[in-house]
Structure formats: C-alpha cells, structure tokens
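Chains: A, B, C, D and E, in written order; residue numbering restarts at 1 for each.
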C-alpha cells in the first residue's frame, strides 16, 4: 500500500521526529509514505478569506499530484492536515475558488477535490484498524497513562475535517489503547495551546499550556502526545513539561512497534 | 358557449397597486365567452358578492371567473355566492392574481400582463366547466385519538363527554405521556400527578372511551367521516382481564436487580425489571413483559413471574393482535421528546453523569423518582451545591444537523420553576441560569420568572455557555460569557442542567404519512390555516392536539385539546358530509377494461363490471371501469394512467387542463 | 432606454403544474411572504402531481412553452398517499425520453415542495427560470414534426 | 407445416375449436397474410414459413368474442403479447386455443433486396423445419443467402425459444439472439443532443401517419385511440392537428411503456422504414435500469412498472444527464 | 482599490468573510468559547454588531483580530452559523490590506527567534500578522 505523503516544512526540520518515526512505523505496518516531489509549504494557517486564492495554490498542487498518482494524500502535521483538507473542501464545493485555482494552475484536467486527504492517524484507524495495530505491538506501553492532546487544527471545523467528534474526540485515545497504554481523558485536550501567538506573546501561551497540563495531570496523565509541532513547541515551553514529557504520537508508536531504534 | 362574467378584485391595494385592474378588465372583455367584466375594491365583501349576484341575474351568466386571491382562500366564498344567484357553484373559477402575481411581482406592466394571462386560462377553463353536484357520505360517529398524553386525554374526555365514542391509542404501556414524568407544573407549582392522575382514571372509567395501550396505529384508509384504522395491540404477555395490578411479578423479576434495563420512564436514571409498569399510577395498572430483555423469552428459562402471579395472568403465549375500527375523525396528539444531545459534546452530556437534561431533573425531583425526590448527583449521590442551568441547547439553532431553528417555548418557564423548587427545598443552593433571552409571554409568567430572581435570588446571566469541563475533583467547570457585564466567566458547578430543545415525537412522520396529513420541515403537523384553523390539518377529518402541532405548555395544550375536541364533535354531529364532486368518471365507450386505473387508485374506488353498451349501433357486453363516487377523492391518478383517455376527472378534465395550457402558451 | 429587438431580454414561457395540497399552497405561501420569482412562471392548479398526464407537458412544449415544471408533495406526503410516486416514475421516463430525442435537459423539472416551503418554491422558480433563460428558446420540440 | 395443418383440421373436426387463425399465401412468396381458416379447403392456402412474421395475438381480441373457440398460432415471442393482453383483460383466454408454433427466426425481404436480389420467382429453404441457406430463384438465376443474414433485426435480439403461454406446441424453436438488444439505443444515447435531435427529426419526418404501427401493435389495443377522440383537444378541430403530428410517436411510445413486449411489429410494418422500436426500447431500457428488469407479458400477474413504485425510486432529475457522468 | 466609504468596507468584510452578521442572535457562545477573550478589545460576539453598525474605524483600530488564535472554537460552536472567526479574520485582513500589515515588523523577527522555534510557527505568524 502506497500513499502520497505531504510532510510539510517543519517535519523536514524541527520536527523530524514526527516524520521519521512515522515512516518507520508505516514500514512496520506494511505501508509506505511516498513523499511527493517539490511540495511547497501549506502556509500553516488556512486562509479564511473567500477571496484568497494564491495562498491555497500550494495545497492544490499537492492534492492534484496525489490525484494523478491515484493515491490518498497523507499528512502528519496538524496544520498541514487542516489546510489540505479545507482547501480540498473548497475545491470540491466552492465553485469560485475551484474555477480560479484551476485557472492559475492549468492542470491537464481540472482538479475538483477528488483526492482523499488522510491524517496518519486516520490511516491507522480506518485502513490498518486499531485492533490490527494492537496485534502488531511488540513493546506494549503497559502502565503508562497518556493524555492525548489534540489541539484545534486536527478537529475543527468538524464538518469539513471529518476527523473525529470535534468536542469529544476519541481517535487518539483508541490509538493509545492500541499501544497498550491507558488514555487519560481531560477537557482541555481540544482547547488551543495559544498557537502562533507565542511568537509575540509567549506569556499568554504559557497560561494556556499551564491550563492544559493542570487539567491533564489532574486526571493522572504522566505524559502527553501530540501531532502538532507548534503544540509541541508551546507545551515544551511550559515548566510542567519537565515532569510531564510531551511526545509526538509517532514516537510512541515506533516504540510500541519496536522500531524506534532503527528510525 | 358559456356566458361568462369576469370579476377583477382590487383587494384594496394588495392587487391594485401592482396590477392595473382596469386594464385587465379591458383586455379580458373580448375573450371568447365573456359577456361581462368588471372590477371592484373587495370582491369578497358583501357588496362585492352582491355585484356578482346582480350580474349573474342581469346577464344570465353561466360561468364566473374571479380574479382575486388564491382559490384556497375564497373559492368557497365565491361558489356560495354563485349558488345564491342560482348558478351551479362549480361554474366558478378563480384566477389567482394576488399570491401568484401582485404580491410577488414589482413591475406593474409585467404583473398586469401575467394577470391577464391567468384570467384567460381561467376563462378558457370555465368555458369547459360543467355543473357538478356534491354527493353525500355518511359519518361514523366515533373518534380516534392517537397519543395518550395530556393532549390526547383531554381531547378524548371532551369528545366522550359530548356523547361520542372515542378510542385512545397509546404506544407505551400506560397513558399519561410526558406530563406523568413531571414533578410540578408552572406557573402555579401544582403537582403534575395530582392533576393528571384523576384525568387518567376518568379516561379509564369513562363508558365512551376505549383504551388501546401498548398499541400502535398500523394502517389508515378511508377519508373524512369514514376512516378505517388497523390498530396493532402489541402482546403484553399479561392477561389484562385477570391481572389485579398487585405488582408481585415486577417485585420478583430477577432482572429487577441484576438486569441493567434502563427505565424509559425514569430516562435511564434507574433500572426496571423485565415485567414492569412504567410507574405506580399507570393506567391501565397492568404490567407488560419487555420481550427483548426477558430471560424467559431469550432463553426459555426463568418463568418466575408466571409462577408467582396469584391470578395466573402472565401469558407468555400472547400474540400481537390487529383490530380494525371505523372512525369519523382522527386526532393526532403524539406529543414530543427532547433532541438527542450527541452533537453538543461541548456540554459533556455523554461524558459526565452530572450533566443532565431538564426531564431527568424532573425525575430526580419527583418523590416517586429514582432518588425519592432527593436531589443528588448521579456520580457520587451528593447533594449539589452549585447548579448551572443552560438554556436553548439546540433551540434557535441555524444548523440543521445540530439543533432546531425554533424556540422550544417552555424552557424559560420550567427552568424558573426548577430553580425555585430547588431553592425552596434546599435554600443554600447556588443557582445560575445562563440564558440568551428570557421569554415569558403568558398569564402570570413574567411574574413567575421575576419571583425566581427577586424572591429566590436565582442568578440569571445573559450569555450562552461555551463549554462544560469535567474536572479532576469531580466538579464541572463552566466556561461562559456574561455579555451584559462584558466578562468571560469560568465557574465551578456540581451539576449542570441542559434545557434541550424539544422536537415532535419521532413517530409522527410515519403517522402523518398514514394519515396523509402534512408536516412542516421540523416534523410538526401543519395546521389548515395558521390563524383561522389552528387545530385542523389540511386533510379533512384530521385534527391536531398538543405538541404534535408545535411547542406549547400544558395550559395551551389543554386549550388546544379542547378546541380539537369541539371540531371533532362538530363533525360527528353531522349525519352526512357533502362529498367532493370533482370525481373521476369513466367513458364506457372508450374504456378497454384493462384495469390499469384500478391498480393506481389509492382508495379502491374503481371496480369493473360487464355492462351493455351501444357503440355505433352495435350492442355489446363490455368489461368497463366503474367509479364509486363515495370513495373517489378526485386525485386523478387514474386519469393519467388510463391509456385510452376513458378516465377523466370532473373539474380538472383533460380538456380543461389542456385548454389552460393553450391559454397560457398562446 | 430605447429597446430594440436585439438587446431585448429573452423572457421564457414557463408552465408550472402544482398540486393543490402542497405546492400550490407553497406558492401561496411564497406569495404571502412576498418571495418573488419571475412573472414568466404561470401556474396551473391540479389536484395532485399524479394528475399530470405526460400529454399536458408535451402539449405545453408544442404550444411554445420553454420549460415545464411539475411540483408535488414530498414523496411520502402525498395528500392522496401515492399520487406523487406514480408521477415520479412517469416523469423520470418522460424526461429521459425527451433527452433521448435531443431536447435539452433542464427544460423539464420535478420539484417536491410542501405547503410550508414558500421559500423553496420561490427559490426553485428563480433557479428554473435562470436555467431556461440559459437554454434559450425551445426551438427543438417546436420543430419536431412528422411531416415537413 | 403439414403437422400443423393436420392438427388444426383435427381440432376443427373434433369440435375443440370452430376456427383457426394462421397465415395464408400472399401474392408473392415473401408476403403471407394473417387469415381465418374454418373449412378444410381453406387450409389449401395455409402457409407457415420464415416469412410469417406477423404477430397474430392482437387478432384474438375480436376473434375470442366470436361464438365458439378459436385456435391461434403463436410464435414464442407472440405469446408475450398474448399474455400482456390477458393482463389487460383484452382477450378471453377461455375462448382461445393457443398452438405454440416453432420458430427459427423470421425473415425480412428487405435484407434480400439490399443484398441485390431482384426479380424473385420463388424461394426455397424458408421452411420452418429446415436449417440450410435460403435459395432465391430469380429471373437472373439462383441466389443464395444464409438464413441468419436474412433475419429480421428483431430476431437477432430474440426473447428465447420458449412459449410463455400455450395449449400445445408444434415444432421446434431456436433462440436466435446474437446481438445486444439495447445496442442501438446506447449508440443513440452516446450521440450529442444535436445529433440525436437531427437523427430523430430526419426519421420522424418520413412518417406519413398511415397508422400501420398503431394498427399492428398488440399493446395499442384501445377501442378508440386517444388520437381519435377529442378528450385532449380543446379546440375540437379535425383529428389531425399539429400537436398530434409532432408528438404522435412519443405519445404512442409512452402509452405502451411498461406494456410493450418489444415484439418489433411497429418497425416491421412501417412502410417508410422508421425504426419505431427505438422509442419503445428506450423506455424498456430505462425501466430496466431505473426499476429493475421487467419483461412485459412474461408474467400476466406482474405489476406494470408504471402502475407501481417504491419509496426510494429514482428522482426525475437523476433520470436525465446520465450519459454525461 | 480605494475605499471611499463605510458602506463599501462593510460590504468588503461581508464578502471576505463570506458570513452574514445579521444571522447573529447575540447568544455569546463565541465569546464564551474564546481562549483569547481577555486579550481582545472588541469581543468576538461584538464583531457582528460593529459590522452591522458600520463602526469600521473602531474595527480598523482594534488589535483584537490579531489576538485571535484561529482555533475555530467559535466557528464550531456558533448555533447560528455566523462563524464569528471569519468576521474577525475579515477585519484583520481589512487592516492588513489597508495598512500593509504593521502588526509585526520584519525587524522584530530576529529577536523573537529561538533555537527550537518550528517553521510552522513562523509561517503561521507571518500569514496572520503580515499581508
């Protein structure tokens, strides 16, 4: 099984862990992430303005490339996942954006949102299946109480991303169970960490991340997992992270599958 | 050739402002058949009608075209007017130049042109009209009420008291409906069961009322005055004639303790046995066996209830039974439920047992409820100190998947009631109500709400809650906004009560389809006229009572129930009804006897007989279609199915419609 | 502004068959709610969409109609229980046949519209008019004849 | 053929039937005509060979009204039409004795003409029992043609060798289907709207309104055709007005939709060679696609698709534009 | 494109946002959900009213739009489908398009940079703060 893979800027750089553990795990699970050539940065935030076209084109090109390969497009980074899914939805359902984007790109055949965008977790859940994943776990993470931190970009808006229930998600909890650990459910798991505001106002972000740590540790979490390099950065800026480490979910996956060292 | 009079109504300025009425008169005057044309300010007024009558007499008119509002509005008026002047009422056609012309077009020239075309079509049609005579059909003097809540109970009692027989069909094992689940009622804080139970008993004992509980309407056929209804009496597994209602069986059922069967009546807040009465005052006081959960029905073992029943009333062999009954009128009183809250994950209803709905709160406060009326948290059975009420959960919602666009109407009042009752019992409870608007139109309603604030010091905050977050310490963190003070609030609560939007009983769609009664986008039954015929369905013989028609409180429900009863009584008081003369008619000379029409007739009104016909001097016996005029409702399905054109519909004949097409396309 | 023949806007002729119980009432509601739609639409009241004989539609086209729309109660909600189900089959076959002989799709339409859906009625008629305008005059059916 | 004649004579002789309907020789060897046979000498002209394409089932509408039983010779495909007539209560089954006659495909003389065969004096090899080539004795000498190449188009989409209703069967039948029934329809569907329109316009413009199609059609069995009554014509003008002219074949096809067994007689008899079956077959194809396969006349108890429905039938908007997807 | 009057700017906001401020029923669920509430001088639920009233100058002065985290909580929860986040973002864009984006100056950037700062943060911030 091959997937077109859109790594995104950060995974090539500061978040290489997210990327390499994912590839190693994928290999262990029997699928391959084929990085699409000459991908360009998604821009990090989805351009909400109805008249913004240019900023969506990099996503459109990636989507169209996957279409030409007749492959689903897989991402790992929350932000890329968010932007790609939303741009894809625009290409499918917003006639104006579709027409204009296609005019710019000049593909052989107009792109109309045909590609299916999947987060790596969705591949695990819907293609591999968490039951199957659990069978492949060689180092079950027994006894660990893990809090899934979703943040915002994986979940909202629920209708378009169609990733999980945006208010009470459970895909990462099911993932944690599949690895043999115990998920810790806490309310702040889908509340924003402060996002890019940490650039200009790091103090604000710290108040947000403190709330997240307080809530998750209150319910007994001994570590957190995330799919987002920005969340990772912000959470790690908090003092609490010294006691409650934050991992990319792929790292724990690789660990459970016994491929962490090879990666 | 007909002698047609055309009358163009100004409808004040409703029509005249956009349609040049005089010009219409001028232009239609020369249409074939027209011998008279005039306009008037209000054609439907006494003076307007007088004008018509005079013209009929003076010009010997044989057909009328009224260019006015929708025929659904005043066709009847003008037909009656024609009849007064000795003209057959079915020689009248209405051109709808208000709803379908003046009200929707702005350009006067364009609207006038269209009005003329609509008038022409009507004139062309009248040219082909024939006098029709209404038939008569008898009325079955018995009414059916679907739903045994307070709405159905009141309607049935009122009809029965007037001397007519009434049957109530209730799908649950007992009548009583939602009201029987409530603790107290607003705005007088009467105990719900104290005022409802006597009515339930009265229903049970009334000589004119037959109760079908644990039963459902399965099939409806017929028409106003002559409905035929199949009622499925689901097997109770208990012989109602032998059962004394002692309750031994329920008490001994092994599943009562270990079965984990959530009680529907208590909204899942406690469990019930497999053989059960929903509540102590159930009417009839006869338990049912829930066959899906009962060990005996699942495995063939157990049988405890049958063994211990002192009157040997338990009957595992009982079968569903279908009874067919004839009715003259049917009242829909199917009531409501609250919406599913899965889409409101932000309020943690599914995550925390301490986030409950208002109906669950009713059960928790009810002395007969799962906690014996003691208010406690379902998580740790502690009495809550801080309670937050959230209003409009799913009401006034634009998104169809999440909620409902309408105001549920009763939540503001019952929340004030809940707040006061809690404060009355446990005065040191802190109560906060987050509202968007407090809506209290109704006698003594705003006073009631103000009492909650002024006397009981309930804290009302304008602003919707954003999120309810279960905390590690077991409390609930409520994040909200106080829009008036301009603050974001994060407050702890021990319990959160959600005023979930109400919605019509989900079964109503199925029932409406059987009754061919129309329902709106929200699944509420549509009334025949929003203002003037609020308790009737557009389908003749179907009446509406209670929440099935729209959100309303108990006093309103009872008033509407009475109003529906009066309409039913008015119908049943007649010995005969006039039938629609626009029925199908078969031209025996053209009919092939092929049975195609009978296959599509929804009323079984078409039969085939061998008749003697004379066709071009040739006498022959032929199999031809016969229309039973008492059964035919004039839908015309047969006419478009008929290959030979033998079937035609009076009042909407093939030629009449094609001539309208021609007139419009001229 | 002087109007000459060339820049005169094409105004289509549209016949709408509306069942008495749902769509005609829906049209009335559109009217009383003042939800406008083009005057090109002329409504013919029929008791039920099941009453609409394909002959009526063909006749309208033959007499110069540019579009014909049939409106009835939503499936399941027919006042006569089943009339619209038969209409649905009849119209599906007729429309497909018209397409087969080369008449543009879109000149015919069936829309289910309840008495409560005044807004939908108006929206439908606006859309349909736009569609017919984009298709232009209905030349083909007028042209189709057996003898020259 | 002789077995058939003998049996018919026997049935008349023993009083089982009063008369028989079959084919008699025409003025040319390739145009036999439907005929009544009562007396033994009538059978001198009786013929049943490859050119007896005419579907006799419709004749039974009137024949079954006569005093005494009538025997009728029906080919396998004709029995579908007969069943459909029973379904519509148009024939009296009790008064009918059905002889299912064998068929190995019926022939189209036009095919021979198109192959350049002219001046025909006599034809052999068209017997019902044979299986060789058809031999034409013409004034230009002997010409041969494979039986199959001479078959009517409709026989290439044969419904099968079985009679669906009969009292007895005489002779062997063969399923001659070797083509896709909907091939022509699909070909037209694939054209552009302009091409389709041009195609039908040119075909329909040949029509001379001779009504042969209507008269031969077993589904067109109305006592009085809608085109001959005034029920739809508001002006009550002469029968033939422009409305009829433009829409005649579409309306006729619609009227028989769900009832047409696809016997192909309309196209066979059309003097102008208009492929009228293309209308009927389009309806049949649509019915099969939209509502499940249905063969009119197969089962006289089956509900016609147009007097039936399911709750989730296709919406009309989805019935069109299917080719574009 | 020059903006001459309030009306055209209101129209522009509606167009950029693609949402209808008139649908707002002032329930405040957006404001109740907003993580940046305390940072904002104009609160999320107020954007609709500002646009309806045409208080464009105040919107253009406000820094609230730059405090929005683009977390979409308000969009997810809005019962009226006003999607307040879109209105907020449209106000931000209007400011940037008119002023060329002065919320973050390029010269600020180097001192903000940290060793472990992910690219995602930079591109996101640039998208939001600069035109």
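Observations on the model:
The rule is simple: a residue touches a chain if its C-beta (ideal position, glycine included) is under 8 Å from a C-beta of that chain, and two chains touch if they have at least 3 such contacts.
Here the structure is a predicted model, which is why all the values come from computation and not from measurement.
Chains that touch both subunit B and subunit E: A.
Other chains, considered apart from subunit B, cluster as A, E | C, D (clusters defined by touching). The minimum number of touch steps linking subunit B to subunit C comes to 1.
In this structure, the chain pairs C-D and B-D differ in their number of contacting C-beta pairs, and the larger number is found at C-D. When chain centres are defined as mean Cα coordinates, D lies farthest from subunit B.
Taking the mean of C-alpha positions as each chain's centre, the chain lying farthest from the centre of subunit E is D. With centres set at the average Cα position, the gap from subunit B to subunit D is 53 Å.
The centroid of the Cα atoms in subunit A and the matching centroid in subunit B are 48 Å apart. A separation of 25 Å divides the Cα centre of subunit A from that of subunit E.
Computed from the mean C-alpha positions, the centre of subunit C lies at a distance of 45 Å from the centre of subunit E.
Counting only residues that touch two or more partner chains, subunit B has 346, 467, 600, 641, 654, 658, 662. Listed for subunit D are residues 226, 232, 306-308, each touching two or more other chains.
Among the residues of subunit C, those in touch with two or more other chains are 54-55, 59, 63, 76, 82, 86, 90. Two chains count as a pair here when they touch; such pairs are A-B, A-E, B-C, B-D, B-E, C-D.
The part of subunit A that touches subunit B in the complex is made up of residues 159, 165-168, 185-188, 215, 218-220. Remark: subunit B residues 70-73, 96, 98-101, 103-107, 110-111, 113-114, 117-118, 121, 509, 512-513, 516, 518-521, 526, 538-539, 582, 600, 602, 633-637, 639-641, 649, 652, 654, 657-658, 660-662, 664-666 touch subunit C in the complex.
For subunit C in complex with subunit D, the residues that touch the partner chain are 54-55, 58-59, 62-63, 75-76, 82, 85-86, 88-105, 108-110, 140-148. Of all residues in subunit E, only 23, 25-34, 37-38, 43, 45, 73, 77, 79-81 touch subunit B in the complex they form.
On subunit C, the positions that touch subunit B within their shared complex are 13, 15, 20-22, 24-25, 27-28, 30-32, 34-37, 39, 42-48, 50-56, 59-60, 63-65, 73, 76-83, 86-87, 90, 114-117, 122.
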